[in-house]
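The two complexes that follow have subunit A in common; it is paired with subunit B in the first and with subunit C in the second.
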Partner chain A sequence: MDENSSARLKRRLLGVVYRIGLFLAMLTICLPGLWIVISSLRPTVEIMAKPPVWIPQGISFDAYVAMFSGIGKGGIPVIEYFRNSLIISVTSTVIAVAIGMAGGYAFARYRFRGKSSVFLGLMLTRTVPGIALSLPLFFLYVRLGIIDTHFGLILAYVALNVPFTIWLIDGFFRQVPKDLAEAAQIDGCTRWQAFWQVEFPLAGPGIASAAIFAFLTCWNEFALASQLTRSVSAKTLPVGLLDYTAEFTIDWRGMCALAVVMIIPALTLTYIVQKHLVGGLTSGAVKG
Partner chain B sequence: MKGFKPSAPFLLLLPAMIVLAAVVVVPLLLSLYSSFTPFRLTRPETFYVFIGIRNYLSILSNTDFWWAFGRTVLLLTIALNLEMLLGLGLAMLVEKATRGQRILRTLMMFPMMFSPILVGFQFKFMFNDNIGLVNNALQSLGISRNAIPWLIEGHLAFIAISIAEIWSSTAIFAILILAGLLAMPKEPIEAARVDGCTPWQTFRYVTWPFVMPFAYIAMTIRSLDVARAYDIVKIMTDGGPAGRTELLWTLVARTAYSDGRMGMANAMAYFSILLSIAFTVYFFNKLAAARTQIGAEW
Partner chain C sequence: MATVSLSKLTKRYGAIGIVHGIDLDIADREFIALVGPSGCGKSTTLRMIAGLEEISAGSIEIGGRVVNDLPPRSRNISMVFQSYALYPHMTVRENLGFSLKIAGAAKEDMERRVAEASTILGLDTLLDRRPSQLSGGQRQRVAMGRAIVRDPDVFLFDEPLSNLDAKLRTQMRTEIKKLHAKVRSTVIYVTHDQVEAMTLADRIVIMRDGHIEQVGTPDEVFRRPATRFVAGFIGSPPMNLHEATIDGGQLVFASGEMLPLPGQFKANVATGDKVVFGLRPDDIYPTGHGISSGGAADVHQIELPITVTEPLGNETLVFVEFNGTDWVSRMLNPRQLRPGERVAMSLDMSQAHLFATETGKTLRS
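This part shows the complex of A and B:
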């Protein structure tokens, strides 16, 4: 009887410890982001207050209003940066996915010589650190006159995304049984038709998540963008964020607001793809 | 279809090859060449002067460079190991949860959505010695009387950067290890328990070997973008104070764009490229080995 109750106590204690651990872990994960959101909504006086004010006294959207009301007020042309980011990210994603689909299909459906070394070679191009790649690109782009243009950055981002897109899409095509396309071909489809009408729709959700992943890579990229863009006509949001620190006094609230603007598209998109992303990366790890 | 088929994969891979050749391979060859010249941005004619390996020799005797190199390796070692351990812990915590696992998994992915530049900014804000959350909390709780100069003192700044780096990338490990834990069949664990294994033995000899390939996938992905630490350092300390948090990548950027010494910077860049490639090849091989092992055992 005594042993029973002590075992029960021990189990309950472990349960409590487990919950506390989980709570602390989640707090550590969420707190920094939440703090940014809260700070962007408080008046600057409150952020600077000593001793600190923990509970916000009021909510104001001044930072956002100032940010989007143009150069005159906030100092940073956020709308232009946002537009640049969007144009560059979307265009390079579309191109990278088209190229990645062709490549991924080749890896998933064909056997050819040196397949694994080609794959490793593709991955190795991705390992080149952005800043190391920016040196020759900067020089070349200046010579070709495409420095500080959308086109230059799009080109660089396509190359940045192709290897990883191929990896992901390869995994998704592998999950589609070969027999289905073969059955379609027996029924009179050409290989081209079989691809578009059978394999593509089945791998569709996976390809969509590869696209979103590529989009996020472009959206978040900084090392290349910071060197290959110079002016309002091509600067992206991450480079724009640095504009705030370049000033003598840092406008913390404005930076927080810009950070929130940057994170919202990323947050939404990642939430949509999270399930497929994990599936794509691990396919082949268990199924061989 | 006849005669076309053997070249199909080649044709399909051709666009990828062309883009990568144009944007990665050719520029890298160009930068390899310029690492043998005293090329300066301000004096274009120096691009055609060949000086052999003099840049590399002067790097070898440059203490700043070796400090940056050592610091980069140290940061990566600390960060990758801790990320792996914390990711494993986090995955096991979430896997044990009986209710609300979906929402926990979403929360767990939260840091992945932050771009490195945002992570850097966010921790710069939190570690600010005057108005940062960390110091405010420490002072309010009475743990520390004075403001701790997180980003101003060299060692503390390195710690702060490591924390930012770990915070942002633990999620990748946690997600993939969790995927492994969820995909794992339950019978071997039960069999081990019936046979009298302790929880630790069950974990060490049953769970871990199964989950390992997933951890290596995470490692491979991480090693593909180890250089994202550049963004974090750039915004948090920009290599300061007095170069105490200078990493290989920030040093390359400073040499190239602030000093304009492109030739030298390209020589340094090649060291950082080799470092990245070494990491990737190492983990890629581990991944392949782990895959075949799993294939044999399960």
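This part shows the complex of A and C:
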């Protein structure tokens, strides 16, 4: 009896310790984000104060109001930047996922000459840092006349994301048993129908996660975008952050406010899609 | 309903041959079992008939129509996979109706046929569940239901019971037999389990290394195996096989022990021939405890030492030492035996088999 109650006590204590540990870990992870939100709501003096002021003394939405007030009144073309970011990110994500699905399926299902070399080659492209390519890309784009265009940035992002989407989607198609597509073909499907009716729905969660990763990469990318875009017609939100830097000053509050505007759609999208990222959908297909 | 005919059917992967030009004619409504050890080409043969594997040479006819290059969907077949291959994102109902949906069947027709199949297989209460919520036996039944719903010319089974536990396997075996009696389609059934093949099939095809060793009814392959391989493969416990040399009217074994040459082979062998002598466990028994104790024509008596006994209740497997190895014998109405004890054994030589050592072929004329 004593032994049992002490074991129970120990278990409860451990539970409390785990929760505290988890809270601290989450706090560490979330603190930068929280700090950005707080900084966007407080005066610059308070942001720059040393020692730091932990609890904001006064909260105002001035930075957000100013941001949308138009040029000359402390505003920046945030709507245009947002539109550019959205067009570029969505388009390049759709293309990268489409190519990733085709490529991933081919790597998962077919045998062909040089398969492993091609796959390795694709993965090796990931080792090159994007920023190292920015100058050659810049010259190339100037020659081709696609500098400072949506198309140019979309092209760069597709190239950046395709190896990753292929790799991720390949893994998910491998998890879908080959028997299922064969059973579908015997049930009267063409190869194409078997893919869309059976394999695609089962690899769906994987494809969705590849899409999220690709989208977030494009949405947050700064290095390449800052080199390849110049004007309001092509600049994306991360590049737009630079609008808050002047020769001698940096408007930290405005920058943080824009960062919050950037984070919200990405956070919302991830939240919506993550519900569909449930694993184990294929359980029960074959003997398990 | 259809006949299936394979002629010179061949499968090669590069230089490696898997199936070497096999010929087989399957009658309408026949239940054929392809058996053989792993890697003998039986599953590859089935997959070629299904159209899931391209053929390298030869031809396949289903219902008199050459289907060599037709995709699986145009062959009017259905297949039950070893892994069941149920669509995990669909309910049982959707799984059963999938082929009809793809074919664009009318909704009422679809519902009626799904209901029919689920009644036959007792799936009525499971229609709204997903495969992950079913037990192994239930999944197996859904897989069969999916095959029935299509009303195919030919059913293909690829080791459908090998994922089930022993008890369920026996139960499902009976269900498959009942099912065949009901739907009367041509069935091609691949298994490595000779008991399944013997109990289910009208005819058994025994394959080895991409060749057909023998085609025959269960009784034929059991009683008159064409080769040493078939003799050793069919039957449980397996046939006792020993190499021997012919010397006049005697079989001389490596240990020097001798047995009389069975009468039915006398015309086909000569002194000095190397042969393999085979006798099923049923045809060797402690005297007075055998199946053929009553009227066996050619019984040879010999006294042998017992090494091990395995009691099975109504019978006991008795291992006796002969020619330096253990011989399995089946003892009916068993009595207590002790290892080391020497007992009088009866060998029913009229049931014995002889195979040529070199070719492995039977010496029976």
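In this section, the second predicted complex is superposed on the first by the 225 of 288 C-alpha atoms of A that agree within 3 Å, B and C clash if a C-alpha of one lies under 4 Å from a C-alpha of the other, contacts with A are read in each partner's own complex, and residues count from 1 in each chain.
Methods note: a contact is a pair of C-beta atoms (placed from the backbone, for glycine too) under 8 Å apart; a residue touches a chain by one contact, two chains touch by 3 or more.
Not measured: the values here are computed from a predicted model.
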>> If we overlay the two complexes on their shared chain A, which of subunit B and subunit C does A:A66 touch? Say first, second, both or neither.
In response: neither
>> Touch test for A:L41: subunit B only (first), subunit C only (second), both, or neither?
In response: neither
> Where does A:L180 make contact in the superposed view: on subunit B (first), on subunit C (second), on both, or on neither?
Replying inline: second
>> By the touch definition at the top of the document, which applies to A:G21: first (subunit B), second (subunit C), both, or neither?
In response: first
> Of the partners subunit B and subunit C, which touch A:G188 in the superposed model: first, second, both, neither?
Replying inline: second
>> Taking the superposition on A as described, I'd like to know which of subunit B and subunit C A:L168 touches: first, second, both or neither.
In response: neither
>> Contact-wise, after the overlay, does A:A211 reach subunit B, subunit C, both or neither (first, second, both, neither)?
In response: neither
> According to the contact criterion defined above, which of subunit B and subunit C contacts more residues of subunit A?
Replying inline: B
> Can you pull the subunit A residues that subunit B and subunit C both touch?
Replying inline: 281-282, 284-286, 288
>> Quick check: in the complex, which residue numbers of subunit A touch subunit B?
In response: 18, 21-22, 25-26, 28-33, 35-36, 39, 47-48, 50-52, 54, 98-100, 102-103, 105-107, 110, 112, 118, 120, 122-140, 155-156, 158-159, 162-164, 166, 191, 216, 219-223, 226-227, 238, 241-242, 245, 252, 255-256, 259, 262-263, 266-267, 270-271, 274, 278-279, 281-282, 284-286, 288
>> Considering only the defined contacts, which subunit A positions touch subunit C in the complex?
In response: 177, 179-180, 182-190, 193, 197-198, 201-202, 281-288
> Which subunit B residues qualify as touching subunit A in the complex?
Replying inline: 1, 8-10, 12-13, 15-16, 19-20, 22-25, 27-28, 30-31, 34, 89-90, 93-94, 96-97, 104-118, 121-123, 125-126, 130-131, 133, 136, 139-140, 167, 171, 175-176, 179-180, 183, 213-214, 217, 220-221, 223-224, 226-227, 230-231, 234-235, 249, 252-253, 256-257, 262, 265-266, 269-270, 272-273, 276-277, 279-281, 284, 291, 294-295
> Contact residues on subunit C for subunit A in the complex?
Replying inline: 50-52, 71-73, 77-79, 81, 83-89, 98-99, 102-103, 130-134, 136, 139, 146, 150, 163
